[in-house]
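Next up, some structures in structure tokens.
Both complexes below contain chain A, partnered by chain B and then by chain C.
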Partner chain A sequence: MTDTVVKINDLVKRYGDLIALDHFDLEIKQGEIFGLLGPNGSGKTTTINCLLSLLAFDKGNIEIFGKKMTPVSYDIKKEIGVIMQNVAVFDELTVYENIDYFCGLYIKDKAERKKCVEEAIKFVGLEEFKKFYPKKLSGGLLRRLNIACGIAHKPKLIILDEPTVAVDPQSRNRILEGIQDLNRKGATIIYTSHYMEEVEQICTRIAIMDKGKKAAEGTKDELKRMIKNTETITIEILDIPDKVMGEISGLKHVYKTDLTDGKLTVYCSGGKHNFMRVLDVLQKNELSFGRVYTEQPTLNDVFLEITGKALRDKED
Partner chain B sequence: MFLHILKYELKNGLRNKDLIIWLILFPIVLGTFFKIAFGSVYEKNEKFSAIPVAIVEVNENPAFRQVVEGIESADVPFLKASFVTREKAEKLLDNGDVEGIIFTEDKLRLIVKEKGLQETMLKSFIDQYVVRESIAKDAMKNAPEKVQDVISVLTEETAASCREIPLTQGNPDPYIQYFYNLIAMVAMFGCVTGMHITMQNQANLSALGARNNCSPVPKSLNILACITGSCIMQAVCMIVCVSFLAFVLKIDFGDRLYLVYPTAILGGILGICFGFLIGSLSSLGEKTKAAVLMSVSMLMCFCSGLMVADMKVIIADKIPWFNNINPAAVISDCFYCLNIYEDYDRFITKLINMIVISVIFIALGFITSRRKKYASI
Partner chain C sequence: MQVFKAMFKVTKKRLPSVLAYMLVFLFISFVHARSATKDNKFEANRLKICVFDEDDTPESHALIDFIGKSNNLKTIENDRDVIIDSLYYGRVDYALIINKGYAKKLSAGETDDLFGSYHMDENYSVVYMGQLLDEYTTSVKAYITMGKTIDEAISSAEEALSQHTEVSMLRLDKGGDSHYSVDFAQYFEFMVYILISAVMIVVCQVLVTMNRKDIRFRTNCSCIKESKYTFQLFFGSCLFVLAMWLVLMIFGIILNKEMYAGRAWYAVLNSLIFAAVTATIAVFVASFEPKENVLNLITQVLGLGMCFICGVFVPISVLGEGVLAVARFMPAYWYVKANNMIAETEPYSLSGVLQCYAIQTLFAVAMIVLSVLVRKVKYSSAAIGTSVKKIAVHQ
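Here is the complex of A and B:
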């Protein structure tokens, strides 16, 4: 049995002249929490929709659990849980009824279904709201209900498309912990989000998409190593002579310096002990300085460096 | 699976406030309003009011005068005659005080200003009198001593036969038609439910649609269960609506009440099928689609004469086939046939038409729904 859960080969999707997916490849292994990142219009949602056979594509092949995925692959669909960006529940059904309805599309046996529904309610922490109608729930609770509806049938593959949009930090934290818990219980997760810190927190592997192509793929450390900047050193200092500035700029691994508003920023690429070497230069020249701190690049830096800083005007 | 979806579709429908307002409260409120607004007129009409007529005696006709006086003195008089001069009669007709003028010339002659039920009854009265007068004349020749008996019989038969002519053709009361139109409109409201079925089953229209399409339930089964649930809901609403009109407002549908129920239910189902088809035709958003649906429904109702009665006649004259595919026209035609015609031939034809159109709409809706692809970037 293969440990590859999702395999996308040479996927092409066109909307008229616009190429939404341009020979896109992807492989997701069992047990991964796979983050799919990309700016608006990069093709994330198109990929998810093709994956779920909601959208026909022009070229390529999609396999899930080693089988070709088609709109009538009901045996594959049985093992997938989907949590869409927009909350998809019935306003006229209670929390319990909503979860029971969606769970019932996957599980016929009433007793088994009841157990699954109760577990899902407990999992998302909606025990006190079982008889509430969605309209009476807060944004965070509604999102949790949305998640419960998608995972109650215990799917092996869970696809979450920006599940934490407009959610308060407490609910977001609860949702992220829940996703990690589902993963620990054996589910493979595909997670798309614009919140870099979330992806950094939970994803074991990440792909960055841009213009319908895969711009980068790897673990968060692998991705961070792909960009030029590896360390940013910031020092509060009133003034610095040109000679000293030149000395710092000339240090090995320093590729850019900047002095603005009493703050010296030193950008380094690779190397070790950059921080100590910069401080040595300042002390040697008997310059006094205030607070000093160093930052490693974040996924956000990686994302912006790979996809650029230009605004994207297309909605994904 | 079918029963699981059906169960929740019914729960969903029963708790849907919009559905309850438009399919139950709306007909109750509007029906009550109709009853209050037209009830007195309706009851007055039901008692059969005498037709005012002017009679100008060009030649003396004592037998005719005696027949008219006999009719006027009956418990429920059919005519209210004024024996006047030609000038006076013309003035009365011009003022609308009488429905027609009868001239007793060599033959009876009738002049009317407008065409309508009462004018038709007057014409019928003259025709009946002429026929019976010749029979009576023959009888008097054979037995002159029975002149008075012959005139009595002539009076009774003429009046009775005139009343029978329009009244045997179903119930032509225009106020009953208001209530039939109300039922037809409620049936048409089913189109909103029909549209919601497409909204919750097409991935490109709603998040619910996307989630349903990701499930291992075939789309056709999901849609079928939803349509069944909606039809049951609509049927219950139609039964409540008709029962309220018949038993609470005491609207007299005559001996055809048992046919009003299935007609209303089938009309409601046709409304759902129509909404399902319109909903399946485009990929517009829910609000836009609802606006399009309401506009199309209103246009259909307008063309069917539910708003302006003459429109239906104009459409029937210019594009007759349209009335056979316009759901509002098909539903109102069915009730019209039930209201007007004594026999059931036309009613059954219209009912079959309604079923055929429903099946066609639903089949087209299924085909277009299955062809839809989700497209969004």
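Here is the complex of A and C:
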């Protein structure tokens, strides 16, 4: 029995002369929350569509639960739950009926299905809205209904494609907690997003995609270690003489400085006391300054350095 | 049957609008049928006659009895002003005076100056009574000439004139099959609009809902087989169309007051084929996934358009050749043509009716083929790919 849930080998998908997936490889282990990170058009959705056999690909191989995935692999599909960015529910059916319908596509037994539906409703906290029609629900509640429809049949592999787009912070936190809870109950999760904070918060392993390729893969710490930047120090200061600027730039571990709009930004690579050293230089030269803060690199920094562009190129 | 059950629930939500269409249609058909039934019935009219018997003989009494059998005898004062007022106000239709010497003259075979009368000019009662009295006196005269006595001649004439012919209204101008009257044929004709409207509103909208992109995506990800899913949608659509058709047929029985018989069965089959055609049109339109307001527009254009140019609202006979040339490309035209042939408003021929069935069936087949083609293109990986490519190119 293998603990590899998803295995993608050398996947190539072309649209004419456009290569959507360029020899893409991926392996996801059981019990992981795997983050697929990348900007729009990087190939995330194409990967998911190929994974679900909704899209034919030109080359490569996809295995799920150790079996080759094809459009008629209904035994594999039975173990997969999909939650897409768009809320895919019937406006004509109530909350309960919607979950029951989608659950019924997987589970025939009425009693078993009823139990699953009730559990899913409880899981997403829609007990009070069972008889509500989707049009009467708020955006956040709709997202929760969308999730309930995707997980009611208790899948072993759950694919979430940007499930928190346009969701209020309260609902977003609840969704993220829910995903972690599903994972704790044994489900393997594939989470695609361009919200790096979310991916950083919940994913145990992350792959960064760009132009249909896997740019990097690892845990968040592993990814952060891949880049030069380890610390960014920001100091609010009105002006700074060139001599002092030169002194700071010459400090050990400082590889880049920048003074823009009254903010001095110092980029460091390695070292443990960079912050103190920079402050020492300022105090020694009797320069007054405002707020001072230091930041660890984010996935955005990782992405920026690996791909040469910002991860979130467009805010949703 | 999870898909079928969901489809049923979605259909239930669409039913109120269909019910509105159905009720209006059935109400109009009912009113139309009632007025048409009266128009078709024959009932001999009884006039209000007052008789002033100046002869007062057994022969004149026999005539009064004879008149009273097919008319209502009224008694009014024998005064000119009273008689004229009564005629003017419609209390009597005709005032007959049996002149003195009636019996004598009749016995002698004379028929002149037997009667006098008061009546309104140009009233149908004048013709009717003139004819009745003429028939009576002529018959009596004929029997007397044959050698019968006056009493025998009167009784023979009464007997001969009491022979009535059974009258049934045969409207040759409007078709003549007793089991499928023209008025009943109109019920089937107007069915075109209700079938198109109801089927499009329900079947099309339900299919659009069930095949909505995001829902379809989720369904495709599930473990339900494509063939099973399609079958359940097909089964649900057929069931609805059949149910609607059955309601219309049952109402047809209520309107017709008897079960379908004779050529009416051809009309029943014709309507079933047309119902199937509308279902395939709905499936074809649904494959383009139109929005609700666009679908309503398509429904009205198709429904009203076909009804106006295919001879439902305006008879085919008054439509121009140019319009008919276009209409021939629409199934409703062949439905109406078959219906007209069955009702004999067009020369009836079984082969002609069957030909109309066949053409309608061909329309249905063409719609199915086109729907399959559209769906194939729409849901092929190439199409999905194109949309993905569009996203990628826009980056």
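The rule is short, and it goes like this: the second predicted complex is superposed on the first by the 309 of 316 C-alpha atoms of A that agree within 3 Å, B and C clash if a C-alpha of one lies under 4 Å from a C-alpha of the other, contacts with A are read in each partner's own complex, and residues count from 1 in each chain.
As a convention for this text, a contact is a pair of C-beta atoms (placed from the backbone, for glycine too) under 8 Å apart; a residue touches a chain by one contact, two chains touch by 3 or more.
Since this is a predicted model, take the numbers as computed values, not measurements.
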Joint occupancy of chain A by chain B and chain C, clash or fit: clash
Partner chain(s) touched by A:His273 [first = chain B, second = chain C, both, neither]: neither
Partner chain(s) touched by A:Tyr106 [first = chain B, second = chain C, both, neither]: both
Touching partner for A:Pro39 - first (chain B), second (chain C), both, neither: second
First (chain B), second (chain C), both or neither touched by A:Lys256: neither
Partner chain in contact with A:Asn49 - chain B first, chain C second, else both or neither: both
Which superposed partner A:Phe90 touches (first chain B, second chain C, both, neither): both
Touching partner for A:Gly16 - first (chain B), second (chain C), both, neither: second
Set of chain A residues, in rising order, touched by both chain B and chain C: 15, 18, 20, 41, 45-46, 49, 52, 54-56, 72, 74-75, 77-78, 80, 82, 84, 86-90, 92-93, 97, 101-102, 104-106, 149-150
Partner chain B, residues of chain A touching it in the complex: 15, 18, 20, 41, 43, 45-46, 49, 52, 54-56, 72, 74-75, 77-78, 80, 82, 84-90, 92-93, 97, 101-102, 104-106, 108, 149-150, 314-316
Touching residues on chain A, where the partner in the complex is chain C: 13, 15-16, 18, 20, 39-41, 45-46, 49, 52, 54-56, 72, 74-75, 77-78, 80, 82, 84, 86-93, 97, 101-102, 104-106, 149-150, 313
In the complex with chain A, residue positions of chain B that touch it: 1, 4-5, 8, 11-13, 15-16, 203, 206-208, 210-218, 373-377
Chain A contact footprint on chain C (complex, rising order): 2-3, 5-6, 9-10, 13, 209, 212, 214-215, 217-225, 381, 384-386, 388-389, 391-395
